[in-house]
Every structure is written in C-alpha cells, then in structure tokens.
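Shared between the two complexes below is subunit A, which has subunit B as its partner in the first and subunit C in the second.
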Partner chain A sequence: MKLIAGVDIGNSTTEVCIGSFDDDGKVTFLASASKLTTGTKGTLANVPGIKAALEEAMGRLQKPVSSLSLIRINEATPVIGDTAMETITETIITESSMIGHNPSTPAGTGQAVGTILHIARLDQGREELPYILIADSSYSYEKVAELANQYSKRLNLTGIILQADEAVLVWNRLERKIPIVDEVKNISQIPEGKLAAVEVALPGQTVRMLSNPYGIATLLKLNADETKQVTPIAKSLIGKRSAVVIKTPHGNVKENILPAGEIYLEAGKTYVVNIDAGADKIMETLEEAGEVEDIRGQDNTNIGNMLSGIKAGMGEVSGETGGNIRITDILAVDTLAPVPIAGSLAGEACLEKAVGIAAMVKTQQLPMEKIALELKRQLNINVKVAGVEAVMASLGAITTPGTRLPLAILDLGGGSTDAAVIDEDGRVAVTHQAGAGELVTMLIQTELGLTSRLEAEQIKKYPLAKIESLYHMRLESGAIHFFEEAVDPKYFGSVVLLAPGEMIKLTQDIPLEKIAAVRSEAKKKVFLRNAVRALKKVAPENNLRNIPNIVLVGGSAEDFEVPEMLMEEFISFKIVCGRGNIRGTQGPRNAVATGLVLSYIGG
Partner chain B sequence: MTTNKPTILIYATEPQEELLREICAGMEEEGIPFSIVRKAAMDFDDLCFESANDSILGAGIGIRGSRAALHLRLLPKGKQLFSTVNPTLSQARCLGANAARAVKRIPFKEL
Partner chain C sequence: MEINEKLIERVTKLVIEEINAKGGVQVLAQGVKAAGSRMAEKTSYAGFPVARQGTDPKEVVIGVGPAFQRQINKTINGLSLEDVIKNIKAGVEEEGMVPRVVKVLKTSDVCFMGLEAARLSGSGIGIGLQSKGTAVIHQKDLYPLSNLELFPQAPLMTLETYRAIGKNAARYVKGEKVTPIEGQNDPMVRANYQVKAALMHIKETEQVDSDIPYIEWN
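After this line comes the complex of A and B, so read on.
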C-alpha cells in the first residue's frame, strides 16, 4: 500500500488530497485539507503553505507526513490576470454652475427662479426682481426666517439655499412658503447676482424640471445653443431630490471624450481598436482576430501604461524578460463610474462612461520545478510536478456524482476563467480566458463609487440585509430575521453584509436594491460572457450543444449566486450544469488535487 | 400622563432650557412631531424609560438638568440608546435628530 498526496497550489488556497493505492492499483481517498496559499502562486514562498496543508491532512489520518511515498504537485498554468479601469468621458463644469444633491431633509416643494442675493445684502434688493436668498451657517434658522419674513413684505423672495441642515426649521417659520435646499457645503462659491433656478421634488419623487434640458431652458430662458450646453447638467441631476442650477454667462459645461488610447492585437496581422469604441467593439475585434499572439497598448496612453504594467509584474514573478511575456487575451466590459465633478458645490458626482479590462499574460512556465526541489529537500519525500492543471481538474471533476463523458469543466477563479472538455477517449481541450472574480470586484467598486477594494470584495461574497429595528432585519430575499438581543445602534437603519459570524456595515449610504443590482449585473457581465466564450472555444465543433455536462469548480463556484446564473443560461442549451461535488463530499474545491492522485498509475 | 397623538415624548425635570430647545430643533428638522411634558422631580432612568413606553411612536427623551438621553420602547430601563451629560448645542441637536431617525428607521447621526 502506498500513500500518495496531490497538491494544488492556487492563487488563494493550497489544496491537498491524500489517497492510498493497494497492490492492485485500486485507489481509496483518505483525507483532504485546504490552507491559504503563502506568497504569490508559483514562487518558493508557497512551500510553508504546502507543508501546513500536508500536515493538516496527515494529522487527520494520525500519520506523520514522512509516511507519504510521493507528492504530486500541479503544473500551474503560467497565466496571470490583472484588471484596470479607464474612464472614457469626463464632465467639466467651470464657474460652478450647478448643485444637485440629496440632503436628507430639504423643505417646501416646487421650482423657483431668481437672482442670487446674500442674506447680508437683503437691504440692497430691488423690488421689481425675484430673488433667491443664500445664507451661510453663521446665520441661525431663527435669524434666517426672521429676515426672510421681514424682507418678503418688500422683496419677491422665491427660494432659499442654506449651508446648515436647517431647511425644515426655517420653512416652518416662514410666513410665505418657498422651496429651500440645505446642506450646501461650499456655499461661499455660489456667485452672487447671477440668475438661478431652485427645485425641490415632491415627497418620494425626484427633480423633474432641472433634470430636463428643456425644463432648465424654460426656467432660465435659454436659447437652443445654451440648452444644448446644459444637457450634461440635466443628465447629472437625474435622480436627485433637490437641485440648483445657476446661469453663468461665461461658465461652460462640456462632456469631453478622453483620449484613452488604442489597443493593438497581434494575430498574423495587426488589428487596431480604440478604447473609446467601448467594450462590445473591442470584444468583436478580438473575436475577429482569432488566435492572438500578443496585445499591446498605444505608447504613453492610459491603456498602454496599464498593459505594460501587467507585463512587468508578471516578469517579476517568473523571472523572464519582456519578450517571453505576452498578453493573449483580454475581456472588456462597459461600465459607469461616479466621478466627482471638479468645482462642485455639494460634493456631486457625475456618472461617466468607463471600460473595465482584464488581461491575461502567458509566460513560458512558472518555476514549479524549483518548488518541487525545495519541498523534496525539506521533507525528504519524492516530489513530482505532474499534469496540466486543467486536465487534472477534469479528472477530479469526473468524481462528481451524476457526470459522464464528454464532460466540460468551468474553473471560475480570481484572475482567469478556464474551461476544459474531456471526451470519451480521454482527450482534453483547454482554454484560459481573461476576467473572473477580480474583475467583478473592480466593477462593483467602480459602479458603487467605493473607496475600499476590500469592501467591494465583501459585497461580492456576502448577501445583503437591512437592519430595520434594533430587534430585526430584512434579508435581501424579503424574509425577516429577529435578534435575541438588541443590536448595536451603529447598525440601525443601515445596509449590512451577512458575513459568517459577523455583520459588516457598509460605509456609504446606498440603497440595498441598488447594491444587489450592481452586484449581480457585474457577475453576469463577467462570468456569463466568459463562460460562453470559453466553452465555445473548447466545445467539439465549437458548438455548445455538443457538451452534455458542465461541472463548475474553483473558488468562484462557491459564490452564492453565480452557479444559479450559469445554470439558467445553459438550461436553454439542454446542458446539465451545476456546482461540482468532488468525490461526492468536497464541493467545488479540491478538483485538481484529487485529479493529481487519480492520475498516479503504479510506480 | 399619556397623549393620544403619535409623537416623540420628552419628559423633562427642570431641564436646561437651551438644551431642550436644541433637542426639539433636531426633531423638527427631521419632520417628526414631539410633545414636551414637564415632570416633577423624577429619577433620570425612570424619566427616559417612561417617556419611551408612553410614546405611541415608541421613542422618548428624558431630560433632567443638563443630562439628556434617548430611549426606545423594548429596551430595558437604564439602557438608553444615546445618553449625554452637558452636551454641546450641536450634540443636543443630533440627539433630537436621532430620536426622529429612530422613528423614521434611517441611520443615526454621529453624536
């Protein structure tokens, strides 16, 4: 009897599977273990993680690691994924001519037009003109209300803009009710003497006049050319509960298309596509190009720097020089990014078009042999680098109950989406596609405007809930969950993530429905698109219908919603698709390690 | 004494008037109605506990001198949600706003 260990070093975890072979060559699986990978995949720093995982697995068998007769480690695919985001439009507003924000409590409703007048200069107001009053926070709500009441007998005051959060307090004390926008931080930047329009939406609604170019034109009496100019303003005010637009004759607003650069695809001949053209055009060109040898970006542009940065990073890991490192695939995804507007008065952001890109680098080979030698030296056990990762994963995946050949696996990882098809004769076709979990994280971070990548990662991984009272929360599914003890008041009214053993409060106030929508949309954009793209490449005759089963393996297969999304997509092709269950017990993990043990034949 | 109107109840024993005024402004800005009930000398925890339990909205504020606290129904006596002694005016405003936010079920302001 021989004890054989299969070791799979992944980007995030190192998996171990222990099997014993009897004299007839029959295998029995005895134990498995999973530990966090130490260091970057494919470097000597992995060795401590491997040893820890081996010790854990052998500990379960109550045997020393030295009783192993062979350790088989995976020949890691020399691919590495990286992601980047490029904004391709930019809104520039000079001479601060708009405010659009969601103060929690504006007051009054409707629109107002008037010339801006500071509260300190009320006595200079002229009777025939309509005015919009502005007051900084040095004026108390009582003082503002008192002055407004006093002067509204003589002047035509139509609206008020406040710096403090006191709109309701002022409004309650006004004799003549007018709309009030509050919480405008940089109120000193509002130009006096200019014509402005103020709008506060009805309860539960959003602004209607100022989010419509013709609405702005009506209120501020603009001609056709000026109306065209204010269109970006109207666009950025969509969805706001209150807004101010100021007419500045020399002010200017424009939507710029940034020169984001060109991508060159080398595939026999060179295909050129501009980032500005958007994700669909880039992917179309990529498909047209066929087998790609290398992808470059235009020098001294954002995309050029990004792609050469990826190559440099990969060079450090593998110790190879520039020429051997080639980008063989990219995945481009259209997205919207909230970008803060320069010169804004209340911290407004405008949604800009952006393209997210995941790139994949192929090198000659990762130095797995070095790891094998080091492991052999430390443990004094025979170590062998054996088998292509995807082939091993396929072998492991077949142990999922209810599968048969030909079988396809989809390995949804962090950096790349890999697919392999193994047919009845044991032949395997393999492909690696750029774009997986990390691109999803980046899309979530960008679209929700989060400052922390960790938070985006957590949103990707955990379901949402809203704490509705100190004693209960409403889950994303609509179900209600009660607490035994009152929760910490810091959670009250907030959206939280249900991580195992704790609740994580989100740092920004974004509605639960929006987070859920962005999250599942990002997963669909990346995983659905890539799954179809990858499977088409490996399917017999490039036809998905020739694949009877798909087994999902890898870290992202454990996601709480991705497997269901893929299942729904593939059901229309009459394909059985589901999360793998390696050896009937391991779930989608441990496929490669299991395959490494299975592929051991004799001596 | 209980009132029938849905309001946040403020039970006050010899309150510092400026403190009371700011707390009320906090609730007014958030648009939630409140009523002030002046109480003869009472224990601070009792003031808070009873104000919350008597309020139809389940939220009450107890004030005694320069101490003020927000209490919610269902919380045990002595376990006020937010409690302050000698608060600044803006802290007092926040306490009032948070009482309203407890009723509106939106996240609290930092005190």
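After this line comes the complex of A and C, so read on.
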C-alpha cells in the first residue's frame, strides 16, 4: 500500500488530498486539508504553506508526513490577475451656484425663492423683496429663530440655509413655517445678494422643482437660453432630499471627461481603444482582435502605468525578463464611483463614470520545479510536478456524482476565470480569462465608496441582514429572524454580514437594499460575462450547446449566489450546471488535488 | 478550585442566611443613617409629581441624578448642567423625537439611572446622566450594566458631545444606524479627577431617596 499526496497551490489556498493505492492499483481517498497559501503562487515562499497543509491532512490519519511515498504538485498555470479602477469623468460646480445634498434632517417642505441675505444684515433688508436667510454656526438655533421671528413681521423671509445641523430646532421655533436646508459646510462661499431658490422634499420623496429645468426656470424666471444652461444643475439634483440653486452669471455644473489613456491590443496588427470609450467598446475591440499576443497601455497614463506594473510584478515572480511576460486578456467593466464634487458647498459627492479593469499575465513557466526540489530537500520525500492544472481539475471534477463526459469545468478563482472541456477521448481544451473574485471586490468597494478592501471582500462573501431591534433582524429576503438572547447592543440599527459564527457590522450607513443590489450586479457583470466568454472559447465549435454539463469548482463556486446566477443563465442552453461536489464530499474545493492523486494511476 | 454556578449559588445562599440571621439589610441601613451625622441634609422631594410612564413612541427620557441642578450645578469639568441638558434635548429634538427629563432618586448609579429612564420612556430608549457628567444611553430590555452606549470619561465631555448623545439616542428610537461619537481619551484623566469624581459621586449618593423612585424634572 502506498500513500500519495496531491498538492494544489492556488492563489489563495493550498489544498491537499491524500489517497492510498493498494497493490491492484485501486485508490481510496483518506483525507484532505486546506491552508492559506503562503506568499505569491509559484514561489519558494509557498513551501511552509504546503508543509502545514500536509501535516494537517496526515494528522487526521494520525500518521507522520514521512510515511508518504510521493507528493504530486500541480503544474500551476503561469497566470496572475490584477485589477485597477479608472475614473473617467469629473463634476465641477462653478461660482457656488448649487447645493444639493441629503442632510439627515432638513425641515419644512416646499420651495422658496428670494434674494440671499446674511443674518447679520437682516436690518438692511427691504420690505418689498422676498429673502432667503443664511446663518453660519456662530448663531445658535435659538438666536436664528428669534431673529427670524422678529424680522418676519417686517420682511418677507421665504427660506433659511443653515451651516449647523439645526434645521428642525429652528423650524420648531418659527412662528411662520418656511423650508430650511442645513448642514451646508462652506456656507461662507454662498454669494450674497443673488437670487436663489430653495427646495426641501416631502418625507420619503426627492426634490421635484429644482431637479427639473423648467422648475428652475419657473422659480428663477429664466429665459429659454438660460434654461438650457441650467439643465446640468437640474440633472445633478435628481434624487436629492434638499437643494439650493443660486442664479449667478456664469454659475453652472460641468461634467469633464478626464484623459484616461489608450489601450493597445497587439494581435497581428495593433488595435487602439481609449478607456474613455467605456467597457463595452473595449470588450468589443478585444473580441474583434481575436487571439491577442500582448496588451499595452499608453505611456505615462494611469492605464499605462497599471499594465506595466502588472508585468513588472509578474517578472519578479517568474524571474523572467520583459519580453516573455505578456498580458493576454483583459476584462473591462463599467461602474460608478462616488467622488466629491469640486467646488461643492456641502461636501456633495457625485457618481462619476469609471472603468474597472482586470488584466491577466502569461509568462513561459512558473518555477514549480524549484518548489518541488525544496520540498524534497526539507521532507525527504519524492516530489513530482505532475499535470496541467486545468486537466487535473477536470479529472477531479469527474468525481462529482452525476457527471459524464464531455464535461466542462468553470474554475471561478480570485484572479482569473478558467474554463476547460474534457471530451470522451480525454482531450482537454483550456482557457484563462482575466477577471474574477478580486474584480468583484473592487467593484463593490468603488461603487459603495468603501475605504476598506476587506469590508468589500466580506460583503461579497456573506449575506446581509439589518438588526432592527435587540431581539430581531430582518434578512435580505425580507424575513424576520428572532434571537434567543438579546444581541450585543453595538449591532443595534446596523446592517450586518452573516458570516459563519459571527456577525460583522458594516461601518458605513448604506441601506441594505443598495448593498445587495450593488453586490449582485458586480457579480453578474464579472462572473456571468466571463463564464460565457470563457466557455465559448473552449466549447466544441465554439457553441455552448455542445457542452452537456458544467461543473463549477474553485473558491468563488462556494459563493452563496454566483452558482445560482450561472445556473439561471445556462438553463436556457439546456446545460446541466451546478456547484461541483468533488468525491461526493468535498464541495467545489479540492478538485485539482484530487485529480493529482487520481492521475497517479496513469503514470 | 473550580468556580461554577453551583458554587456561586451555595456561597450566595450562605451570605443571605448570615444577613437574615443579623436581622436583614434594614438594620444595616438604619445603622448608616444613625451614624450619618456628617452627611449633607437630604432635599425632600415629597409632593413633587412622580414621573409617569410615557406612552409616546417618539419619546426619549433623560434621567438625571438625585443631586442634579440642586446640590450640583456643574459637571466635573465645569460645564453648566443647564447647558448640558439643553444640548441633549436639542439633539433629540433635531432628530424629530421628543425629549422628557425625569430625576431619578432611587439610585445614583449611571447605568441604573439610564435603565429607569428607558423604562419610563414611551420608546424604551433613555439616557442616564449623572450630575458629574457621566452619561449612558440605555434600552429598557437590557440588563442594567449592559447599555447601548456609555460615555465614561466625564472630564473630557463637551457640549457638542452631549448634543451628539441626544441625537444618537433619538436615532436608536428611529431604528437608524447611529454615528459613532468622537471622543477624546486621556490616560491621565483618571489620576487627575479621581478624588473629585469620588466626592461628586458621594454628594449625589447622599441625595438618594428610596421612598420616591423618580419625579418629573422641569
């Protein structure tokens, strides 16, 4: 009897499978283990992780590692993925002509028009004119209310703009109720003496007059030309709970397109596409180019630096020089990133267009032999680099109950989406596509404006819930779940992630529905698009219908919603698609390690 | 030795037996009163309206300490208690909720005061405020020594902090996510203020009145 270990070094985890072969060559699987990969995949730094995983697996068998007769490690595919984000628009407010934000508590509702008057100059107000009062935070809510009440007997005050968060406090003390906008940080920049319009929306609604060009025209008495000019202002106020528009000669809101650089696709001839054109255009060009040899970015632009940075990183890993390292695939995704508006008075952010890019680098070969030698030296056991990763994964995937050949595997990893088709004769077609879990994480982080990458990663992984009281929470599905014991008060009112064994509190106040929508949209943009793209490349005659079953393997196949999304997509092609269950017990993990053990029969 | 529930139960039982054998707690309390000639004279709140049970779901009850605005008029770092209570109320009001102040007389412990306030509150959310400035946001279903938010370092509090406490309490009522309140931390505070804190707490505890649990306060 021989004990054989299969070791799969992945980007994030190192998986081990132990099998024993009896004298007739019959294999029995004994144990498996999974540990975090130490260092970058394919470097000597992986050795400690491999040893730890081997020790854990052998520990389950209560045998020393030295009783292994052979360790088989995978011929890791020499690809790594990287991601970057590029904002391609910016919004600028000129002459402080607009305030549009969502203070948590504005007060009063409706619109008001008047000339801007500072509270210190109330005595200079003229009786015949309507005024909008502005007050900085050196005036307390009591003082503002007192002065407003006193002067409203003589003057026509129609609205108030406050710097402090005191709108409700002032409003409650007003004798004549008027709309109040508060939390305007840079109130000193509001030009005095200009005509302005203020609007506070009804509860649960957003502004209606000021988000409509004709509404602004009505309130500020604009002519047709001026109305055309204020259209960008109206557009940027859509969805706000309170807004102020000030009529200044050149005041406006501008959307600039930033020069983001060009991408050069080398495929026989050079295809050029500008990042500004958006993700669809980039992907179209990529498809048009066909088999791509290399992808470069314009020098001294963000995209250029990003792509050369990826190549340099890969060069360090493989010890190869520039020429042999090529970017063979990219995935571009359109997204929106909240960016602070230049020239804003209340710290508003605007959703700017951005393009997220994942790139994949190929080199000649990763130094797996070096790892094998080092492992052999340290453990004194025969180590063999055996088999291409995708072939081994296919072999492992066949152990999923209910599969048959030809079989496609879809390996949804962190850096790349790999697909392979193995037919009845054992022939394997393989492809690696840029863009997978890490791009999803980046999209989530950008669109929600999160500061922490880890938080975005957790949002990707775990379902959401809102803690509505100390005794119950509302799940993403809308169902209510009661706790046996009162929950820790720190969770009260928060949106949490239901990680196994604990709840993770999200730091920012973003509605649960929005997080869920952004999360599943990001997954669809990356995984769905990539799965179809990858499978088309490997399918016989490039036709998806020629694949009878797809087995999902790899870390992202454990995701709680991605397999369902893919299943829904592929059901229309009459394809059996589902999360793999390696050896009927391992779930989507351990496919490559299992394949490595199985392939020992063959050689 | 292993400490488990049974052991604790046995110890508690023995202690109670011993106390009962000596005639119970009352004797002990009378003893203190008799010997308490050095204690400040207790203000009598007899005749004041006992605080009612609130029914307004928008209510936040602020429970202040027994010496509040009588024996003590300033917090440990000199903020006037009138300004402090005004800012907490303003914070609650700005968030659209309704503040109500009661004076808790049965205890001088900030957590128990907060819990009493929460129990009287129509929304179940209350704020406990000691006269020296320590504050807590409490919820009626929590254990006394648990809480929603505790602000233990009274010497570092500002009027803005008290405003923020009022706002957060109101947000708990609305079931909204609260904004973490920025606080300072100073490791020397304990050393600098320990004596003053102890004296102020004694002054407050002297006013504890077990006969009248709580009254409406301005």
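Everything that follows uses one rule, which is that the second predicted complex is superposed on the first by the 588 of 603 C-alpha atoms of A that agree within 3 Å, B and C clash if a C-alpha of one lies under 4 Å from a C-alpha of the other, contacts with A are read in each partner's own complex, and residues count from 1 in each chain.
Convention: a contact is a pair of C-beta atoms (placed from the backbone, for glycine too) under 8 Å apart; a residue touches a chain by one contact, two chains touch by 3 or more.
Note that the structure is predicted; figures quoted are calculated from it, not measured.
S.K.: After the match on subunit A, would you call subunit B and subunit C a fit or a clash?
M.R.: clash
S.K.: Of the two partner chains, subunit B (first) and subunit C (second), which one does A:167 touch, if any: first, second, both, or neither?
M.R.: Touch partners of A:167: subunit B and subunit C.
S.K.: One more residue to check, A:486. First (subunit B), second (subunit C), both or neither?
M.R.: both
S.K.: So, A:468: does it touch subunit B (first), subunit C (second), both, or neither?
M.R.: In the superposition, A:468 touches subunit B and subunit C alike.
S.K.: Of all the subunit A residues, which ones make contact with subunit B and with subunit C?
M.R.: Comparing the two interfaces on subunit A, one with subunit B and one with subunit C, the shared residues are 104-105, 141, 165-169, 172, 468-471, 486, 489, 492-494, 509.
S.K.: Taking the complex as given, what residues does subunit B use to touch subunit A?
M.R.: Going through subunit B, the ones touching subunit A are 25, 28-31, 72, 74-75, 79, 81-82, 101-102, 104-108.
S.K.: Which residues of subunit C touch subunit A in their complex?
M.R.: Checking each residue of subunit C against subunit A gives 90, 93-96, 139, 141-142, 146-149, 171-172, 175-179.
S.K.: Quick one: in the complex, what on subunit A touches subunit C?
M.R.: 104-105, 141, 165-169, 172, 468-471, 486, 489, 492-495, 509
S.K.: Provide the residue numbers of subunit A that touch subunit B in the complex, in ascending order.
M.R.: 104-105, 141, 165-169, 172, 468-471, 486, 489-490, 492-494, 509
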